[in-house]
Amino acid sequence: MGSEAIIVFLLAGIVLVAGANFLSNLISHKSDNPQKREPYESGMTTVGPTWVQFKVGYYLFAILFLIFDIEVAFLIPWAVVFKEVGAVAFIEILVFLVILGLGLVYAWKKGALKWE
Amino acid sequence: MILSINIVNNSILNMLMIALIYLGIFSVAGLFLVLLERKVAAWFQLRIGPNRVGPWGLLQTMADALKLVSKELTGTVKADKFLYNLAPYFVIISALMALAVLPFTQDFQAFDINIGLFFLIAISSIGVIGILLGGWASNNKFALIGAMRSGVQTISYELSVSLSLVTMVLLTGTLQLSEIVEVQKNGWLIVQGHIPAVIAFMIYMIAGTAETNRAPFDMVEAESELGAGFHTEYSGMKFAYFFLAEFINMFIIAAIAATVFFGGWLSPFGITDSIPWLGVFWFLAKTFVLVFLMMWFRWTFPRLRVDQLLTLEWKYLLPLNLLNLVLMAFMVWLGFTIQL
Amino acid sequence: MRYEILLLVITLLLLVGEIFIHKNKKESLVHLAIFLFAIHTAVGFLKLEESSLFGGSFQSNNLIHFFKNILNVGVLIILLQSADWIQEKIVSQNRGTEFFILLFSSLIGMYFMISSGDFLIFYIGLELSTLPVAALAAFEVSKRISSEAGIKLILSAALASGVSLFGISLVYATSGSIFFNEIITVITANSLTVLGFVLFFAGLAFKISLVPFHFWTADVYEGAPIGVTSYLSVISKGAAVFILMILMFSVFKPLMHVWEHMIYVVALATMFIGNLFALRQKNMKRFLAFSSIAQAGFILLGLITGTQLGIATIVYFVLIYIFSNLAAFGVVQAISLKTGKENMDDYNGLYQTNPNLSLVMLLALFSLAGIPPVAGFFGKFFLFTAAASKGYYLLVFLAVVNVTISLYYYLLVIRAMFIRKNENPIPFFKNKLYMRLGLLITVVGILVLGLYSPLYDYIYELSSVLN
Amino acid sequence: MTFFVISKVFRIKNMDILSLFVTVPVLTIVALVFTKGLKQARIVSMVGSFIQLGMAINLVFAYFKERAINDSIMVFAKDVVWFKHFNIHYAIGVDGISVALLLLSAIVVLAGVFISWKMENLPKEFFISLLVLATGVYGFFISIDLFTMFVFYEIAVIPMYLLIGIWGTGPKEYSAMKLTLMLMGASAVLLVGILGIYFNSNATGGALTFNILEIAQVNIPFEAQKLFFPLTFIGFGVLGALFPFHSWSPDGHASAPTAVSMLHAGVLMKLGGYGVFRVAMFLLPEGAMHWDWFFIILSATGVIYGAFGAIKQTDLKYINAYSSVSHLGMVLFALLMLNKTAWNGAILQSLSHGFMTALFFALIGMIYGRTHTRDITKLGGLLKVIPFISVVYVIAGLASLGLPGFSGFVAEMNIFVGAFQNEGLFYRVATIISVSAIVVTAVYILRVVGIMLMGPVKNQEFLNLPKVTWYERTGILLLLIPIVAIGVAPLWLSDMILASLEPFIQRVL
Amino acid sequence: MIAGISIYEILTVTSILFFIGVYGFLTRKNLISILMSVELILNASVINFVVINKYLYPDMLQGVIFSIFIIAVAAAETALAVAIIINLYRQIASVEVKDTEIMKY
């Protein structure tokens, strides 16, 4: 008995969705109609493929996020022990954040944060 | 021992019971929040809102739920069936698991792990995978655009959420939620940390609202341009999951804020310390005030454009947040905190 | 720590400059970067105390300082040689400073890697030294070949570091520590440790591009900008060799009876495959890529000894190799920049039009091949001596056979430049100051390093730290 | 004399008489770098080579003077530590053998410069390469440290590639590559041998050393000798055209420009014999005894093979190249005979062949320069057209086939007398086979003389060939005089060599 | 520590994970898949470190700290790799390995 609890909640979530789906299948009214299974596009038939190359800006932000998220991953342990360590921790994180901040400013100036 | 609730002695049975209780909380809270939203919306617009089904329309969402259950589960032919069906699981499970670590009171917390806050941050970002999957697998242009927007928005604001929480962790020195609440016996963190804590709270609320894709940050499902966004192709119960999860997420965001900034189940000035179970009341009260705040946002602010949204996060909130973090660290280092 | 901090400050300065200086004045940053790095290199030669920081995670001694100086000089040469390219092609894209920032970051990573006192710093240093180079390899964003080089480099590097990490985790499992000085005391040659070591070695072998982990080398070298290619082939390889040597001679010394055989086989395979593939290359960059694979094989001859002699010869060889290879790459870069020609056939009749460049190339190739009196001969001779000191006469013999094979293809280039005639040879051009300076330093190095014996003696003195 | 002047100018002490052999060519090269055009280049190189010749002659006299008061193995020895930790020294010194070979080298280099007087194509680079080669050769002969020796060996070999590749004729790229690779491959083998000697040089507990004289003090274990003797022998032997590894030589000589052929056949190939003698046999005597039979077979085959190869060829240069294979095979053969007389003969043969073959190549170059063909079947009656060249050619040919009165006779005489001193059927058979090569030599020499020089003029264009110029005369005479001198008065040379053979005899026999 | 599961089982899993990664790296035809294979290898190492630390050397945190750094570095690596892949995709509209082989031996 311990971290199995997480698995229990996982299963509970699955049961909830699967059960409700099952229930819905059980009681819903069904009708067949080919138009119903078309993708919705404001009443028009879809033209061209949907899965196309997407705007690169999204990836750019994803990459930026990755970097800053990892930064948070380092900040969390630091934050936990900050009270105990004190001055050294403060200075070190200052260096860390200054470099990161420079990175952010750099991305800013390079136009990586601009959504075009 | 992670599970802190003990209902029956048999461990397996105990777990099942807990799971069931949480499922109950989950659905009831979801349904109630939906109703609340509609009522709040109505009040803001000087309407009455749902008032036919049950007293004051209390059963309105129950009726809606029944309607949704009785609808046929359809999907488009072009969809990637497996991923399409998988998406709801992600959003539901992540919401449910996040719920499980929240301390409703001292004793009512499904599991109290020592990295609680970290777990919350981690688990809350899984939901976006469900949204991305759903939007992509639908093979619908609106859905795809919605999903992509959701992705970029969620991950962006995730940073601010995490950073503002980290700012508060500086005060607590622990990630365990129960201990975070414990620390606040000397005063809620928003008081202890005063200026930076207030800033952190404001950032957190903005970012939290955005992370749940709620207005004014709801480009994801901007009706006027994207139909229904990422869940355009979802109907019936499958739509309900996303709908439900969104409201639960709102609750979770508010609950975290209540726990971290406002002392969780602690009563103001310890007025109900002698009656522990009243903690639930205080917790829910604080949470719902914050939920109301989020709903207030929704009906007050106009929707942002994507570029404005990203500008807000990356050019304002994030740098501000980093500075705030340093400020807080500086304060904690020099002991400028307020201890009641 | 002085090296790291100073270079970090320079890098940040450049970053600040990049952020705040107007687009039209970016060119001055190129000069500034080279100037600052030259100062950094010069400062590196000042005396520095041996020290140990972060509870033994970061170590430095005079040998490491010396090696960092070697790397500095190498990078300085690369910067000088690349300056024209940056000024002509890159600054106009407003990315000139990034080149320096990435290069310096990578160099900081190498500093940390070779100074590491535990596997964590080692790993971080390794990655920090590799990742910016991958970005640099894909630096010419409009060129497909450059992107391919970048992707190949980063994927292989990621695989290598992953494999390496898995090996480290196994070593950690058996020894219970990631600190080198603690591992030394407990390590024994049990099968799990050996497996861990082999995986770890495989990871570094990727970086040094030893056979059979060399597949990325030629493609990356061909695709990447030449400055980056030379960085990969000398600095990156040199640093990896150095840390591999340190680790094998200290931490993994108890496994010596295992890795001796391994190195023996790998050395032979690397030399032969590198050389034999080099024979058929037409593109100068690919050609030099395979040649540098073969050179890595020679380095292993020093590695197999596990003695002070081995360390000294390897460091000495790497030093000389840096100068020789950079001279060759410098010429290729100069020609490629002015004419865009990179094939060996284009070099036909080069001596008629550009005698100085041809002579530099001649010296570089002789040095790479190991022809006296240029420095390469001494480096190779001492490596062979080191290997022979352990009685590996057969290995030395095969290595020398390889020297002969390599001489063949080096002579092919010399033949093209001096003997062959060309209808439309590369026209005469005059290099700019930086390039000339870069080539001049390498030429002086090639000519002087071998004959000036106190240098070797100095390295030998320094090498005693491990024993 | 010259040395005196130089030593005054450069304030070099008397002991540095040998280092000058390296510094003067290097200074010449440096001077050449700053020259412009053919005229300046050839003047500078001529002056440089003259100084070298002067130094060499001076060295001979100085040697005799020094020898009278100094009975150490090497005189004018000098020793500077180079790489401390490997115990590598820049150690130099000469004995009679080296002095003789240095003299040979100086003469051939000077003759080579004269023969290349009209080098139009890239003259500066040509003379630089030539002098680099000369530096290597001088350095090799004065070194008594294996490492230094190896360095100079390679320095001497590598310019050949450019010399043949750039200024050669015919399939020059192929020949140059073949020559370089085979010689460098040989040096690869040699390197292993040297390292083997080095790591076994502390058999009696001393430090590892590269110094030949120091190694000669210790007895290297027999096992090591057995292993490293063939490596060292082959390593040097390839340069001395040891039989199965000789194939670079005909191609290389045929493609090389005249001066290079001269220098190569006349001097560079001597490095092989000298190295075999000085390193392989001197340092590894037991190995030499052990492998004696094997290399005798190889070298005897080389003698015969070279001779027959020369018969078959029609290209003048090939004929001469194969004849070189034969003659140098005889040198190696004599060295392996392991007795004093044969050794003396071997050294004399080296010298004699050096002058002779250089002369041959010089003459061939002149003939080719005038007639534009080296095919003897297309030539004829040259005696009438260019008498000077033809007469010298006949003289050189007679010297080559060992006519008394010329150097060849003295050398071959000594070799065969020495060879016959060895008892045993095997040695006898080998000797007889080698002796028979003399007959074959006579055949091909006379064949060439007969076809090319005698008879009617086959091509009318040949009637108006240019006269022999003064520089060509000088070059030829430079080479011709020693041939005659050795033949007529061999004793002074012989004495010098014999005295120097003493340490070898003590160690090997 | 998880009750009832010994270190051997977990190490077996990570080894399998590792070799799946290596196998995937060598056989996959898509650059993104290759990247994912690499991530598998890294994750195998991460799990290894944590598990070994937890089971064998629970008094020190070296393995856990190591794993945090691996995660961070892996993220940086992925970011860079994806960036380069995107750049490549913009030029050749493909992320297949076979399309990236214009350079041959």
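Each chain carries a letter (A, B, C, D and E) given by its place in the written order, and its residues are counted from 1.
Operating definition for what follows: a contact is a pair of C-beta atoms (placed from the backbone, for glycine too) under 8 Å apart; a residue touches a chain by one contact, two chains touch by 3 or more.
Being a predicted model, the structure only gives us computed values, none of them experimental.
Undergrad: If each hop has to land on a touching chain, what is the smallest number of hops from chain C to chain D?
TA: 1
Undergrad: Hopping along touching chains only, can you work out the least number of steps from chain B to chain C?
TA: Between chain B and chain C, the shortest chain-hopping route counts 2.
Undergrad: Tell me which chains count as touching both chain B and chain E.
TA: Joint contacts, listed by label: A.
Undergrad: Which chain maximises the distance between its CA centroid and that of chain C?
TA: It is B.
Undergrad: If I average the Cα coordinates per chain and compare with the overall Cα mean, which chain comes out closest?
TA: C
Undergrad: If you average the CA coordinates per chain, which chain's centre is most distant from that of chain A?
TA: In terms of C-alpha centroids, the chain at the greatest distance from chain A is D.
Undergrad: Specify the chain pair with the maximum number of C-beta contact pairs.
TA: Looking across every pairing, the one with the most contacts is A-B.
Undergrad: So how far apart, in whole Å, are chain A and chain D when each is placed at the average of its C-alpha atoms?
TA: 81
Undergrad: Which whole number of Å gives the spacing of the CA centres of chain A and chain C?
TA: Going by mean C-alpha positions, chain A sits 40 Å from chain C.
Undergrad: Using the average of all C-alpha atoms in each chain as its centre, how far is it in Å between chain C and chain E?
TA: It comes to 26 Å between the two C-alpha centres.
Undergrad: Taking each chain's centre as its mean C-alpha position, how far apart are chain D and chain E in Å?
TA: Roughly 64 Å, centre to centre.
Undergrad: Using the touch rule from the top of the page, what residues of chain A touch 2 or more other chains?
TA: Correct list: 2-3, 62, 69.
Undergrad: Can you list every residue of chain E that touches 2 or more other chains, as numbers and ranges?
TA: Residues 76, 83 of chain E touch two or more partner chains.
Undergrad: If we use the touch criterion from the header, which chain pairs count as touching?
TA: Every pair of chains meeting the touch criterion: A-B, A-C, A-E, C-D, C-E.
Undergrad: Using the touch definition from the top, list the residues of chain E that touch chain C in their complex.
TA: It comes out as residues 11, 18, 21-22, 25, 31, 34-35, 38, 41-42, 44-45, 48-49, 52, 56-57, 60, 62-63, 65-66, 69-70, 73, 76-77, 80-81, 83-85, 87-88, 91-92, 100, 102-103, 105.
Undergrad: Going by the contact rule set out above, which residues of chain C touch chain D in the complex?
TA: Contact set of chain C toward chain D: 309, 312, 366, 371-373, 377, 381-382, 384-385, 388-389, 391, 393, 396-397, 400-401, 403-404, 407-408, 411, 414-415, 418-419, 453, 456-457, 460.
Undergrad: Using the touch definition from the top, list the residues of chain C that touch chain E in their complex.
TA: Answer in residue numbers: 119-120, 123-124, 127, 131, 134-135, 138, 141-142, 144-145, 147-148, 150-152, 154-155, 157-159, 161-163, 165-166, 168-170, 172-173, 176-178, 218-219, 222-223, 277, 280, 286.
Undergrad: What does chain D use to touch chain C in their complex?
TA: The contact residues of chain D facing chain C are 82-86, 88, 147, 150-152, 154-155, 158, 161-162, 165-166, 172-173, 176-177, 180-181, 184-185, 188-189, 191-192, 195-196, 198-199, 227.
Undergrad: Hey, which residues of chain C end up touching chain A in the complex?
TA: Touching chain A from chain C are residues 12, 15-16, 18-19.
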